[in-house]
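The next block holds one structure in the form of structure tokens; read it before the comments.
Chain naming follows the written order as A, B and C, and within any one chain the residues start at number 1.
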């Protein structure tokens, strides 16, 4: 866009043509600030917030907002200006709708990090299980990983632990799909462990013990 | 976009001078789609995804990406183009920094201590690497620093060390975004920081001299 | 740490130190200071003063500092503390300790330089702000039906097997964690002195690990400076004898 003959509001570079005298460089800088804030904000931004952030107000601010609106008024543009829910925001332009829809319709990424794989394995075999227990077995905090698995719909909440009150987690049908399992009974056997209640307890204990040794040994 | 023979992608403002003939309407529409996708995506978008979403590829796609880059190349602009973490993305422009910081209210939040910076450097170059290994290089325990970096999302787990079972860490795309790196390949070669033979000799010499003084003197 | 320290501090700005190798490098590379001319006690004391001024005891920083000091001691220890073997000093001769240290410092310096590069980069890019808005929901469609069969169940078993495996015991890097505090060691020294007039350093820390030895040493330096103790070492590599200050004075009188 460097080749635009009529410099628009957001660039302070270059002198302004005489006919746009109301757009002083000051307004251009203000408009640029507003544009940047609307760009990064995940929510519509109210005039009050814009005033607070830019330190401008009244007519001056209103003019700068209008300058931004003007800049994004092209119906063929990639980005459009919108006034919604008591604030201003930028959104994708109507002309780019198809590309945006194609982009958003791409299947979610189900690639699992090794941390996610470990956490999922722990939850799958020991479910229902609390986050602190997962953390204890892995030797590192489990919050982010579990949150990600929740986001992806691979685990879900399953009540609370009776004593501690901590939320317990279990795997979901989506998890079974991801691993091609027809049910949890199909989880591969671990040497010496059956999926009986007693064996699960034993597995849990073994995992705790191994984690303790690992953590005291290697720091 | 088909009805806008000379219009550039994002703003309808002003006709284009005839010298921009290389931007055919087709490229303009493609550039607009790319721009919209970069705008909408919360993460950097790779060339592959852009190809998938726009149906374009090769030189044509590359040109359209360059057109978007050009459009956002004004150092005074509100929005800037960035190539980070293996993809393209839009970010707030440097000129709007103050307003953006006031809006995000995050400046103090994003300082990194020297310890954090050193640890990041070690992890960035030697990833995947365990905490004990980091500690050994820095000569000081790495637990807290690594926990902080994990919290900030700048490093993440990357499996475990085969023998010791210690968790290994690597840097994240967020790290690359924060440091404006298009990828780890952009890190300067570590050899460049190698101490010269003279440095080594000097250090050895100084330690040696100090020891001699010590032997002839007192505590 | 309560107590009045009125020592002349060495020409050191401890604010600039962030880690043991930092300190070592700085000390060694600054022409005017040879580490062997810097009293460890003074560094400890000026550090504790700083902590006092801050009116809060940053245990994390204190631990780091102690490890830092143990790094310094690593060079001195071979000479300062009694013989290797008796003290499990990994049989390092002073020359070997020095060489080991040179290697470590050089490696550290390389990454220190790399971190400076990152710092410069960061100074430029830290103000960037990326759009954080999520994509619009209107077209967001992912449901259970669309989950692909991407992984084999065996991956889960493998992941768990890793966690079930008990690792071989790796020798603990002596510099990674402080498990004793200087206060604990001060108490140990006081307790030992409660029943007698003099104490051999060996008796309080001789059989302990290296870090405990180092920290005990600092504990003694501190108590020494507070006027609580007196210490004698007749010759290089000799026994370090510790006396409660008052008792010794009484004996002399």
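Convention: a contact is a pair of C-beta atoms (placed from the backbone, for glycine too) under 8 Å apart; a residue touches a chain by one contact, two chains touch by 3 or more.
For clarity, every value in this text was computed on a predicted model and none was experimentally measured.
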item	value
Each chain counted as touching chain B and chain C at once	A
Closest chain to the centre of mass proxy, which here is the mean CA position	B
Taking each chain's C-alpha mean as its centre, the one farthest from chain C	A
Between chain C and chain B, distance of the C-alpha-averaged centres to the nearest whole Å	32
Rounded Å distance, chain A centre to chain C centre (Cα mean)	39
Whole-Å gap separating chain A and chain B, where each centre is the average of the chain's CA atoms	18
Multi-partner residues of chain C (at least 2 other chains)	129-136, 162, 165, 167-168, 170, 173, 176-177
Two or more partner chains touched - positions in chain B	39-41, 90, 92, 100, 104, 132, 135, 141, 143, 160, 164-166
Residues of chain B touching chain A in the complex	1, 4, 7-14, 16-17, 19-20, 29, 31-37, 39-41, 45, 49, 52-54, 70-79, 90, 92-93, 95-96, 98-100, 102-104, 130-132, 135, 141, 143, 147, 150, 156-161, 164-167
Residue ranges of chain C in contact with chain B within the complex	18-22, 24, 28-29, 34-37, 39, 60, 63-64, 67-68, 71, 75-76, 79-80, 94, 98-99, 101-102, 104-115, 117-119, 121-122, 124-136, 162, 165, 167-168, 170, 173, 175-178, 233, 236
Interfacial residue positions of chain C with respect to chain A in the complex	129-136, 138-142, 144, 146-157, 159-170, 172-173, 176-177
Complex contacts: residues of chain A adjacent to chain C	36, 39-43, 91-92, 100-101, 103-105, 107-108, 110-112, 114, 117-118, 120-122, 124-125, 137-138, 153, 172-174, 177-181, 186-190, 203, 206-207, 209-211, 213-214, 217-219
